[in-house]
Every structure is written in C-alpha cells, then in structure tokens.
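Here chain A shows up in two complexes: once beside chain B, once beside chain C.
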Partner chain A sequence: MKNNTYKYLMIAIFLAPALILFIGVLIAPIIMSVFYSFFDMKSISLKGAEFIFLGNYKELFTSGSINVWRALGNAMLLAALSVFLQLPLSLGLALMLGKGIKGERGFLSIYFMPVLISTVVIGQLWRKIYNPDYGILNAVLGLLGIGDKMPLGGWLGNEASALWCVFVPTLWQYVGYHMLLMYAGVRSVSPELREAAKLDGATDGQVDWYVVIPSIKPILKVSVIFAVTGSLKSFDLIYVLTKGGPYHATEVPSTLMISMLFERNRYGMGSTIAVLMISLCFAFAILISAAFKEREYGKKHVIKK
Partner chain B sequence: MAKNMSSKNNFNLDQYQVQKTNKVLKVLIYIGLVIWALIDLFPVYWMFTFSLKSNEEVYGTNVMGLPKDWLWSNYSTAMTTGNMPLYFLNSVIVTVSSIAICLVAAMMATYALTRIIWKGSKTMNAFFMLGITIPIHSSIVPIFITLSKLKMVNSYWAMIIPYSAFSLAMAILICTGFMNDIPKDLDEAAYIDGCTLWQTFIKIIVPLMKPALATISIYTFLQCWNELMFAQSFISQKKYRTLPVGIQALSGQHTTDWGPIGAALVIATFPTLLVYVFMSKSIQESFIAGAVKG
Partner chain C sequence: MKLKKLAATLLAAAMVVSCAACGSGSGDSGNNGGNKDTGKKVESVDLKSQKVTLDMWCIATESDSNRKSYENAIAEMKQEYPDITLNWEAFENQSYKTKIKAAMAADEVPDIFFTWSCAFLGDFVDSGKVYCLDDAYQDYKSELPEVMLANSTYNGKHYGVPLTMNIVGLFCNMDLLKEAGWNEVPTTYDDLIKCCDALKAKGIIPFGCAGGETWCVTEYLEPVIEKSIGADAMNDIFLGRASWDNAEVAKAVDTFQSMVKAGYFDPNAVSLSNDEVKANFMQGKYAFYQNGTWNCADFANDANFFPKVKVTEFPVVDSSKGKLGQLIGGPSDTLAVTAKSANAAVAAKYTFELGKRICHYGYLDGCGLPAWTPYGDTSNINGLTKAVSEICANANAYVLFGDTAMNADDAQKYLDYVAQVYGCKVDGNAFISGLKKEIR
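And then the complex of A and B:
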C-alpha cells in the first residue's frame, strides 16, 4: 500500500456498488416506512397527507374492519403448527436419513425438491387439488368412501376449512428445507461419538435423543427462527390460494398489507403493517435466540456442579 | 472399563456388543421415508400428467393415471395464447441481470472486506449481514412510491434492483467463506510484482472464485425466478410479466381448461428441476451454507 489515501479510495470504490444497493433498497426504505406510517397517505405523494403520528397504529390495533388481530392470530397459529408439527417431522426424517440408509441421497433430493419449485406453481397445483368439482382431494376421499366430506362452498371457499387448507401446502413445502438443515447437522455428529454411545448400550432412539439432538441445537435454533419469522412473513401461497379470503378467514399480515396498498391506496396504513411485521420478526428472532442461549447456559451450569 | 475387562476372566463379550439397528425398525423407517417421498412426488407427477390430458380425462375418466392420449397441444396453447415464451424471456432477463449485479457488487465488497486490512471492516461486514434478517416486505411501500415517482413501475428495473439488493447479503456471506480460503500469499506476491489492488482483484481473486460464483448464482436464481410479491405489485403491463405473475394471469383466464395451465406450470418449473437434477448437491450445499452461517 503506497499510502493511506489511495487505500481508502480503493476501499470506497470496491464497496460503492454494494453499499448503494444496500442502503438504497434495504436501509433507507425501512426508515421511510417508519416515517410514512405516521401519515394518513391517500396517494403516493406526501403532499396533502395529514401527519397523524401514531394514529395509524391506533387504528390498526382497534379497527374491527381491518382486524389485524385475526391476521396476527392466523400467522401465529401457522408459526405454532410449523414449530410443533413441521419441524418434528423434518427432524424425524433427518434422523432417519442420518442413519446411513441405502438411497439416502435420493430421498434427500426428493424431500428438498418442493422448496425449489415456485410457490406460485405449488399454489396453482394445490388449487387444482382442492378444486370442488374435479379436484384430486375429492377424488381420493371418494375412493375411500367418504366423498361427501367437502364443506359448503368448497375446500378453499368455506370460512372454517380454508385456513387449514392453506396451511397444509405451506407446511408441506418447507418440510424438506428444515430437513436438509437438520440432516447436515446430523451428518456432522462424529461417528465415534455415536459408536461410543452404542458401545455403552444405547439404543438407536437413545443415541438420537441424548447424543444427536443436543449436538444439533444451533441448527434447531436456526430452524425455529426461520419457521416463526417465515410464518409471520408468509405471503405467496396464501395469496395464490385465497388472497386472504373468504371473508378474511385466511388473512395474514402481508396479505393485509398488500390489500391496504393496492386495493385501498392507504400507503400510510400499509407502511404501518410493514413496520409491525419487521418489528415482530426481529423481536421473535431475538427472543428465540435468547431462549436457546438460556438453555445452553443452564445445562453447562448443571454439569459444572 | 478397560480395567474391568482385563481383571474379569469370565467377562461376557456378548454383553458389550454394539446395539444393532433393529430389523423391524429398519423396515418401518423405510416405509416412513417412502411414504413421505410419495407425498412430495405426487403433486409434481400429477402436474406432468394433467398437463398432457384433455379436460375429459382430468374431469373424470382418468383423474390420476398417466394420460391416455398425450395432448402436446396443451403446450402449444400455453405457448401461443398463454404468452409463456414472453414470460419466460422476462424471467430470464430479470433473473440473469439480478444475478450479474449481485455478483459484481458482492465480489467487490467482499474483496474490500476480507483482503484489504482497514479499521471498520468488521463493522461494515456486520452491517451487510443485517440484510439477511430484513424481510423483503419491509421496503415495498417506499420502493413502490419511489418507482411510481420515477415512472419506473412497469419496467425490468423495478424487479432487478430490489432482487439484486435483497440477494446481496447472502452473496457477501457466501463470498466471504470462499475468499477466506484463498491464501493471502497470493495477494502479497501480486503486490511485489507491482499489481495494484484492482489488478490483484481482477487477475488473481476473481478467477479463483468460480465455485463461489456457482453457489451464489444458484441461490440468487431461485430467489428471483420464484419471487411473486414485488413482481405482482409492480408489474401491470403484460410486456414485463415474469413467470409467476404470468401464471397467475393465465389461471385467471383459463379457469376451466386445465391442460394449458398444467403445461404452463411445467414450463415454469422445468428449468429449475433440470438445474436441480444436475446440481442437486451444490444447490443443497448453498442452502446449508446460507442457513448455518446466517
């Protein structure tokens, strides 16, 4: 390095494209979203928009017609199902594959495939599966002799069934994603450790429970964070399947945001929902990390004693 | 335990034999794995079959089986009246441009962050890593407003700029891993030979980053090829529709004609599956790398 000015100039040049993109598209918009959320914007211009400070937030949480609580409730229900149903299934598959079974790679590749297929394609496919007249779900139920089980209005058209019908493909698509992460963790557990446990007389189940699962905890943490924040952000499949309907039965924060923006032109309220979603995502990520840390610390403490 | 073993003459070896995996359990495991594999494969199989069927077959005579008459005309319908070639081309343009911009920006930034020694490089790296946790939703309003004011809502750039920016953090993360593996001696040798920082970057580092380029491209490809929210919100003109938006429009037009829709779904999915068949391992690894470090 000839001199410092040259060095810093070069650093600036190397960083410039990334910084411009990053600040322009990610950082500045967050600040602007917070700013917009204080205004009652009826058009894309701030001119004529009334500054109402927390007015949007107040309306968001109290208005019965927006009903953000239902959207949040749906997202939280999806998060809970994701953590307590989807992740255990993924973990089960990962543990089974991790035993070094024949055809391991083939299974792995099949399980991961739905993650790669466009969510729009998956959504359209499931719309056909649920189709009230010619859908495969009714056909299968018909073969089982319970063909008359479809609720009034169709699987996706009935307020009671729509939410569950939307959740099934959402959970299904990402089982393979979490499985892949967990499988990578399971595979990194040293064979010596497994063998040692087995020499001590541990059964397969015990090896998994006492050796493998504790050692893949960091990955489980990542999976739980992705599952919860992913549920809070979920959009594509719900948009394709129901657009939040019927009668807002399947509304989640992001579909609510999009309808505020592009159906009702309420840009201030849309920003408010965006700010709410970012805050919740960060809050949950921090909370989940803290919960996992607490446990790890607690365990070490016990061992020391 | 070793002491016990040597001191006891009547030591029973069987007692210490490794627990073998139970045969019944093994069969059960296989059954479980196969069932889930079928659950994953069935929708895709069904998509391929109904893309080649007539409505008659789909609607009753042959719901789940292989098509009796292979109706390739569904594909030509999707191509002609469905505008699939246009949507496909748009997706390619948007995806390739996003990957290119993301790669250049990420490589340059990573070079400054990992190969040049300066105060604040760690902080800058942490700053970029914030991007991994920021959801794409957070910026939709300001970006939409800015694009509208610039009259850029219906354009390729409306997608390319956000896509490349949102892929950047992960790209830098992956790049950092690969660049740290390149020995620092190379930079020093280049410096002694009189190379400037820029020349070192272009002549030494970039050629050695090929595996990273593949990983980042795969990752970014999947993000851009499948993105719906921005594309759906920003693009209203047919001219700029990408595949996800195009398929949405198509399914609105052909609600009763299943064959052409199926064909469109296959056309949109085929490139991804093709890439996956050939590169399944590196695709999986790029996802693992992204998640474990993120």
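And then the complex of A and C:
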C-alpha cells in the first residue's frame, strides 16, 4: 500500500510539469476561446461585452459579409489537393530515394530545403515569381511564346488564378516534409521482405505497392492527418501572398479569423472561428484515424478467418 | 518665415472643422482611460533626472518616408536626455495594425506606440489601455495648439501626441504629361479625363493604385466622392450622422469606376503593394499617383525624379457641391502611451518631447505639415511640401481618411466594398445599399 502511494506520487510528480504545460498552453486557451465566442465583444476587453450565447455561431454561418463557407470551401480544396496531389508526390519521392539511388542524401536535402526556409521568405520569393512586371513566371511564359497568358490583374490579383497561385507554393513547401516522414518509413522496411518479394518474381513497382506501402501505413496515416489539419489551419503563406484577397478569393478560416480579431476588432467572432477550426481539426483527425483503423481491423479479421 | 506662419496659423484654423467633428464623435464612447482623473495640477516630470528604459513601436521602417525624422529626433533626444534609453522598433504599416491590436489584447505592449487618431486610438482608449496625457500636456500648451489634439481627445481627455498632418495629394509626373501634350496639370475633371485619354493614346498608364492595400484605393475614391458630394455630406456619412444610402455617393462611385473601366488604372497593380506602385510611379510607369502627402519627402529626396513631379488636389467633379479646397486628410499620425507602462508619467513627457522633434524633422523633410508650431529655420522646405502648404492654406474643409474616422468593424466593411468597387465587382448602387445594410 505504501509502495503504491509512493508509486502514484512519483507518477504525479513526473507527469505534473507536462500536464501543467499541456493545460496552460492548450486546454486553457481552448476553453477561453469557447467562453469568448459567447460574447459580442466590440473591444479588446470583456468590459461592456454582451453575452449572446450562440449568436456569433449563428451569424458566422448565415452572414454574407463574413462568408465562412467560401473560407471553408477553400480550406477543404487545399486539404483535398494535399491528400491527392502533395502526398502521392511525397510518397513517390520517398519510394524513389528509399531505393538508395545515387546522390540520395543530396536529393533529400534539396527536397527538404523549403521546409527549413521561413514561410515569410518563401512568400516573398513567390510574390516575386508572380510579379506582373518582372516575375519569372511571365518571363518563362514569354520564352515559351505564351507571355500573354497572364490573367487580368496579375497572377495574385485575379480571382480565378489567385487561389491556385497560392496553393502551388503551399503544397510545394511541405512536399519535402512528408517525403522525409515517408522516407524514414521506407528505409525501415526490412530488406528481407523486399528480397523475398523479389525472389517471388515481383517487379520494383509490385514490391512498393504490395510490400513497402502497406508496411508504412501508420506513417501514411500521420501524414494524412498532418496534411488535412495543416490545410484547415493554413495561414502564413496565404497571408503573406494575398492576405485572403483579392475580394476574399483566397480566404481560409485562419485569415478570416485574423481579419475578425485584429482588423474588425470582433474578438468574440474571431474566437468563434477559432473554435470552429479546432473542432474541425479534431473531427478530421478522429475520422482519419478511424478510417485507417477500420482497414487495419478488416485486414486482421480476414487473416483470422 | 512666410511659410512658417502660413503653416502654423492657416492650418490650425482650417482644421477646426474636421478635428472637432471627429474628436467629439469618438469621445462619446470613451472612458476615463488608464490613469485616474487628474483635476488638480500635478508636478511636471523632469526628464533630465530620470534614468529609465522605454520601449517604442512605430511604423517608420527603412522604406517609410518618416524614417529619417524619427532617427534625427531620437538622436537629439538621446543627446539631450542621455540617461533615458529608448528601444524602438518599426513595423510595416499594414502588419502593424494587426500587431498593435494583438499586443494590446495580450497586454504585451511597449511604453510608447504609434497609432492613428480617431477611431483607431479610440478603441484602445475604450478598453482602458491608453494613458491619459492631460497632465503632461500642461507644459506644451503654447507649442501644441489644443485643436490639434481634437482627433485624439475622448471624453474631454487627451490621449495622443499628434506628429504631422497630411492630406491626399494628386502627384503628377510632368514629363509624361508633356509627352501627351499637357504642359500643365489639368485643373478640371473634364480636362483630367482628356489628359488620361491622351496619355493612354501615347501608351502611358495614367494612374497607379495598389489594390493589394485597400487604403490606397480609398486615396483615389474618397477625393472623387468628396469633390462630387461635398465635404459636409461626406463628414456626416463617415462620422455616423448620415446613412450611406445616398444616391450622390452612388453616382460618385460610378464616376470613379468609369475611370477604372476606361483603363486609366494599371490592371497589374491590383495585387501590388503600395511600395511597389510608388516605385513604379517614380520610375515613370504612371503619369499620376494619388496618395498621402507624406510621400513628398521620398519624391524630394530623389534628385532625378523631384524636378518632374508636381502636386495638386483632385479636380472638382460636381461643382454644385464639391469645391476646390475640400480635402481628405487631417492630423492622424499620433504617438500614445500605454496605461500598462511602468514609467507612464516619464513616457508621457518623453512622448511630447519626441513628438515635437519628429514633427519638426518630418516637416523639414517634407513628410507632412506640422501639427506643432514650427520652430527653427524652415526656409529650406522642399517645393512639394510648400505646394501642399499652399493647398492647405486655401482649404475650407477637411474629411478625415475613412478608415481612420470609422470604428474598426465599420472601416473593414467599408474597405471590403471599396476593394470590390476597384475590382468592378459592385457598382455605385450596390456599394451604397451594401454599406447601408452593413453599417447604417
């Protein structure tokens, strides 16, 4: 009994710092955000704020001027592109490099480099690329004889092109990050498994498809969760490139939240969008985990049978 | 000397209209601020005997016209008060608006901060985040006319130290105008349109306007509205005394949009920042650039460009209501002290001293007209700033910049619609009906 008390005390002592940090940095701000989202705050403090309970949530989903649906739609599109374009590209690179090709380390560094560079720097770099007067994109198109293809208003100034122009660097930046995660997984696949498959006459593609990819499924799950939640809360690059414009064409929930909080001084509404983002990220993380779990369970079930 | 008098007396008189209007509008919602009511006379702080460190945030970045005046003023303060250390940081204009609000919300603020007057500062005052400067002001009454404090006065209390005052000016590249056969700046709206057509025919883009920063679009739209409906009607709308539902505003917006649709504006500038557009103007890409008169400093400092540029006011669109001398602008650039400052009283006195010097050097550099009574030799003011002084000397009404006059929520809605007007997404009627629904 005494031993047990001592054991629990030690557990509590060792857990306490992390727990306090976790509550202070993560849980408390979430609770505060939920609390603030019930108020109509016209200024920074709660003084004079009106308690409107779910009023902000109702306005968020019905107000035409806030237009949260467009922001959510853009975030979902980015999430879909991340999963169906960015991750396959990362996987392809990881599989290619995982085979131990010549200059593997050099390629790894090059692909990973955008992750290391500050997003603001990348944003400024791409602003220069898209610049309508001296941008390299126009110069390249000019060399190809299609220099007149720039949309009216410039690449970042045209509603139709701005969203795609913002997505390209956003997706490009994290290809290396996901590639590195997957590469670590690919390298950890036992060489015996590969050799056994090869002995059975499997081609390189078949080895990757039937042996390597199923082996790195846990990593793929993590990558999908990171890609989807990262897309839902994407902010920095979009803010540097367009600040959500032109005419809200590149608005995502986080730029909308910043606009509400610090441009319109609507702290209650900003907190409401923050709560929405947190809820969506949690929901997607749980859904993706469940989707992967079901498949794993199904597989086990088949084997047992 | 003549110029000095001109600036000091005429400015103060002319600005009573806009200042008093804005100050009282914001004042109704103010509270007592960060410090206690000080009915009795408090002892003045002696800065020379103070040994403190103060932090300051401002927007005088390396590319900002005011940078030099800040550097000169701070260097002079350092010499005069060697025991007071000032750590100052400068942030880009647009991002600073976000940063200062976030910092205020988190109470992680410097002692002294740059702010725009009226509603922008008013929001902080309402939250009790700003130190009242009434006590410190007592020592500067003779140098800083009280009328200049009107835009930063809430509930009868002063919360800001004004620096310079600026208006929106129409800058013209005379070399390009001459290429199109115009030796003088067009003085009527019809002439301006003819001039734009002539410029276009020569392959010169008439106007450069940074769509990436919507406040730059307001620098074009607001003078068009003012010269169409008159300053009084516009002040009434901006200060909440009248509805946006005004057919004349719709007509003025359509006038501005017709200029956009006629191809007078650089279409590529929709995504550009103000710095990029200004650089284009200085490199001779545009014939006109309508923006704040703080730009006089940068234009005057460019030896190649300076001889080419002239400044004037936007011509009258509807002479039955709009008049020459009705201007957009006023004293907006302000320094304030945070209520959280551990050395608020010292910071307050220091802010007045610093503000006076920034105003002085800013005026000498051409960053704007002085909010303080000018001192020293001001005979070497550049020609552009002199021209601005003349325009202001003939002014009869001022309307403060829309996004400064309105509270943050309304200002953002207004800017949203302005951006849509520039992008031809909404016309004049949709503009007024939208703002009527969203604001009043």
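Note that in this section the second predicted complex is superposed on the first by the 280 of 305 C-alpha atoms of A that agree within 3 Å, B and C clash if a C-alpha of one lies under 4 Å from a C-alpha of the other, contacts with A are read in each partner's own complex, and residues count from 1 in each chain.
What we mean here is this: a contact is a pair of C-beta atoms (placed from the backbone, for glycine too) under 8 Å apart; a residue touches a chain by one contact, two chains touch by 3 or more.
This one's a predicted model, so the numbers in the text were calculated from it and none came from an experiment.
Applying the stated clash criterion after superposition on chain A shows that chain B and chain C collide.
Contacts of A:I136 after superposition: chain B is touched, whereas chain C is not reached. Looking at the superposed arrangement, the partner reaching more residues of chain A, out of chain B and chain C, is B.
In the superposition on chain A, contact of A:S254 is made with chain B only, not with chain C. Shared-chain residue A:I44: touches chain B and chain C both.
Using the contact criterion defined above for the overlaid structures, shared-chain residue A:Y267 touches chain B and also reaches chain C. Contacts of A:P114 after superposition on the shared chain: chain B is touched, whereas chain C is not. In the superposed pair of complexes, A:L144 makes contact with neither chain B nor chain C. Once both structures are placed on chain A, chain A residues 44, 133, 258, 261-262, 267 are touched by chain B and, in the other complex, by chain C.
Of all residues in chain C, those touching chain A in their complex are 94, 97-98, 101-102, 104-105, 123-124, 126-129, 211-212, 267-272, 276, 280, 407-409, 412-413, 416, 419-420, 423, 425, 438. Residues of chain A that touch chain C in their complex: 42-45, 47-48, 65, 130-133, 152-159, 162, 242-243, 245-248, 258-259, 261-267.
Residues of chain A that touch chain B in their complex: 7-8, 10-11, 13-19, 21-22, 24-30, 32-33, 36, 44, 92-93, 96-97, 99, 101, 105, 107-122, 124-129, 133-134, 136, 139, 172, 175-177, 180-181, 184, 195, 198-199, 201-204, 218-219, 222, 226, 229, 233, 235-236, 239-240, 254, 257-258, 261-262, 267, 270-271, 274-275, 277-278, 281-282, 285.
If you check the complex, the residues on chain B that touch chain A are 16, 18-19, 21-22, 25-26, 29-30, 32-33, 36-37, 39-41, 43-44, 46-47, 50, 58-60, 63-64, 101, 104-106, 108-109, 111-113, 116, 118, 124, 127-128, 130-131, 133-135, 137-145, 148-149, 161-162, 164-166, 168-169, 172, 197-198, 201, 222, 225-226, 228-229, 232-233, 243-244, 247-248, 251, 258, 261, 265, 268-269, 272-273, 276, 280-281, 283-284, 287-288, 291-292, 294.
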